[in-house]
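Structures given as structure tokens follow.
You will see two complexes here that share chain A, one where it goes with chain B and one where it goes with chain C.
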Partner chain A sequence: MSRKPSGLRAWLWQRLTAVYLALFLVTTAAALWLHPVTGFADWQARLAGPWTGAAAGLFGLALALHAWVGMRDVILDYVHRLWLRVLLLAAVAAVLAGSLFWMLAALLPAGLTGGS
Partner chain B sequence: MKFSIQRFNPETDARPYMQDYELADDRLRDDMMLLDALLLLKAQDESLSFRRSCGEGVCGSDGMNINGRNGLACITPLARLARPVVLRPLPGLPVIRDLVVDMAPFYRQYRDIEPYLINGEPVPEVERLQSPAQRAELDGLYECILCACCTTFCPSFWWNPDRFLGPAALLQAWRFLADNRDLATERRLDHLEGPYRLFRCHSIMNCVEVCPKGLNPTRAIGRIKELMLKQSL
Partner chain C sequence: MEQDVHRLKYRELPGIRFPVPAVTSILHRLAGVVLFLAIPFLAWLFRLSLAGPDGFARAQAWLQGPLHGLLLFAAAWALLHHLLAGLRFLAIDLGLGVARQPARRTAWLVNVVAPLLALLVAGVWG
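Take a look at the complex of A and B:
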């Protein structure tokens, strides 16, 4: 079956990322409740672990994807002028991509330095 | 009993306005439907326009916005309505006059989903029979009377009336996808793909809330998405 872009695919990504976001948030909340964070160094040490770092990075990616589909839906619903729609979509993409890179840039040094 | 009804005559009015009407209590009965009251008001003021036909919730002609919710006047008990009863035409469709709307955009969406069985196989000598289970798949779908109450109460339809097909047409799209005698599944799904025709539905469920036949277009739309996903894997 030939599939044109951005109908089914966007819908599917929104649901897949929602499942991951929910799992991550519940797991993280439980972990923080069982083992409360003692300070900045503790945060850094936890995120330096390969699994926690990867899980946090994936969370950022899933959040950006989920937000992109949601914001795209809002813009497609409400904004009907093409130039304004393109402008807003570009702005949303820039903000989300910038935020994601910022998050990854914060996570990577923690991993590289091994939390020290 | 007081009524406030939206009036609009394109030949004389620049914009719609609300007009108050009153029915004397001695003319009301406990078992009256809203349509009965409208017919009495029509006798008072012959210029008041609305559609009606069967009077039994079967033809779907008298869909209107009743106290902020879409419904059929003929099966809406008058006694249950808050007063004054505020009546407006179905939202989101062009108004022809008073409570009469132009249904052409709605029927255009219906035509768009090819609402008929598509089966290229040679015509058999007897009917194409279905098992009871296959027939049961159509329950909750074929009963739609195309009154447009659901589609015109759907915010996604208000936002993109020319591109989103709306709950009534999508319910019918699933009615034919679910029918084992129809062989155009790929073609139907391909037509529905894209960001607008099907995927503008955000499961707001206004359609389910107001359907006078108690149908569930949101569930049907979900089944289309599931089938589309299965077919694409």
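Take a look at the complex of A and C:
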């Protein structure tokens, strides 16, 4: 983990994103528990709000970053063959980038068309 | 020096007692990998739920599918263990609970509370 300055930066990002992810998850779980989603219109309207939409988008970004640092650590710890390492790191990056793109692509139209 | 050489040659792995904080730590890593594998599925489900009333109903049906109890428990455990163990690590980073006894106690607490809470979540939702 703590190799070279880039390792320290990754460590710091991992902690920063962890704090945001924890805060978001706990408050979102509490909000959904206290005010359950009643249906599609309610769901869309909630995510169309500028604050909830931005918070959710930031969650996706923080999650992708957090998962990248974590999976990178795991792969560097256990996989020592260079080609396999590169292959797995590329696969993780592709999965995360694709998922984030999907999530944001779903979120943006909700912000543009919903809430009316 | 001689002791170091001996320590390096020790091969009787089953004889080594695995400390509780080590269990918490390796489960935190395992849960993290499980959560990573869940990300594309959750992104797909999120997109489906916002695609329209039909998609929303299909996403809901997915969450209440035949395997949902076990899957929900597994996902809830992974998330709760990762969250609780993560908060424990953050506290340790800040110098809280570093000594052996508190570190062991909080490790036990995380290992036990995460599956119990997950059972509760799976039971309430399922």
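Note that in this section the second predicted complex is superposed on the first by the 109 of 116 C-alpha atoms of A that agree within 3 Å, B and C clash if a C-alpha of one lies under 4 Å from a C-alpha of the other, contacts with A are read in each partner's own complex, and residues count from 1 in each chain.
Heads up, the rule we're going with is that contacts are C-beta pairs under 8 Å (C-beta built on N, C-alpha and C of every residue); 3 or more make two chains touch, one makes a residue touch a chain.
Predicted model, so just to flag it, every value in this text is computed and none were measured.
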First, second, both or neither for A:A10, with chain B first and chain C second: first
Chain B or chain C, by number of chain A residues touched: C
Partner chain in contact with A:L63 - chain B first, chain C second, else both or neither: second
Touched partner set for A:H35, first chain B, second chain C, both or neither: neither
Which superposed partner A:G98 touches (first chain B, second chain C, both, neither): second
Common interface residues of chain A - those touching chain B in one complex and chain C in the other: none
Residues of chain A that touch chain B when the two form their complex: 1-4, 6-8, 10-12, 73, 76-78
Complex contact set, residues of chain C against chain A: 29, 32-33, 35-36, 39-40, 42-44, 46-47, 49-53, 56-57, 79, 83, 86-87, 90, 93
Partner chain C, residues of chain A touching it in the complex: 15, 18-19, 22, 25, 39-41, 43-44, 47, 60, 63, 67, 70-71, 74, 92, 95-96, 98-100, 102-103, 105-107, 109-110
Contact footprint of chain A on chain B as seen in their complex: 156, 159-160, 186, 189-190, 192-200, 202, 225, 228-229, 231-232
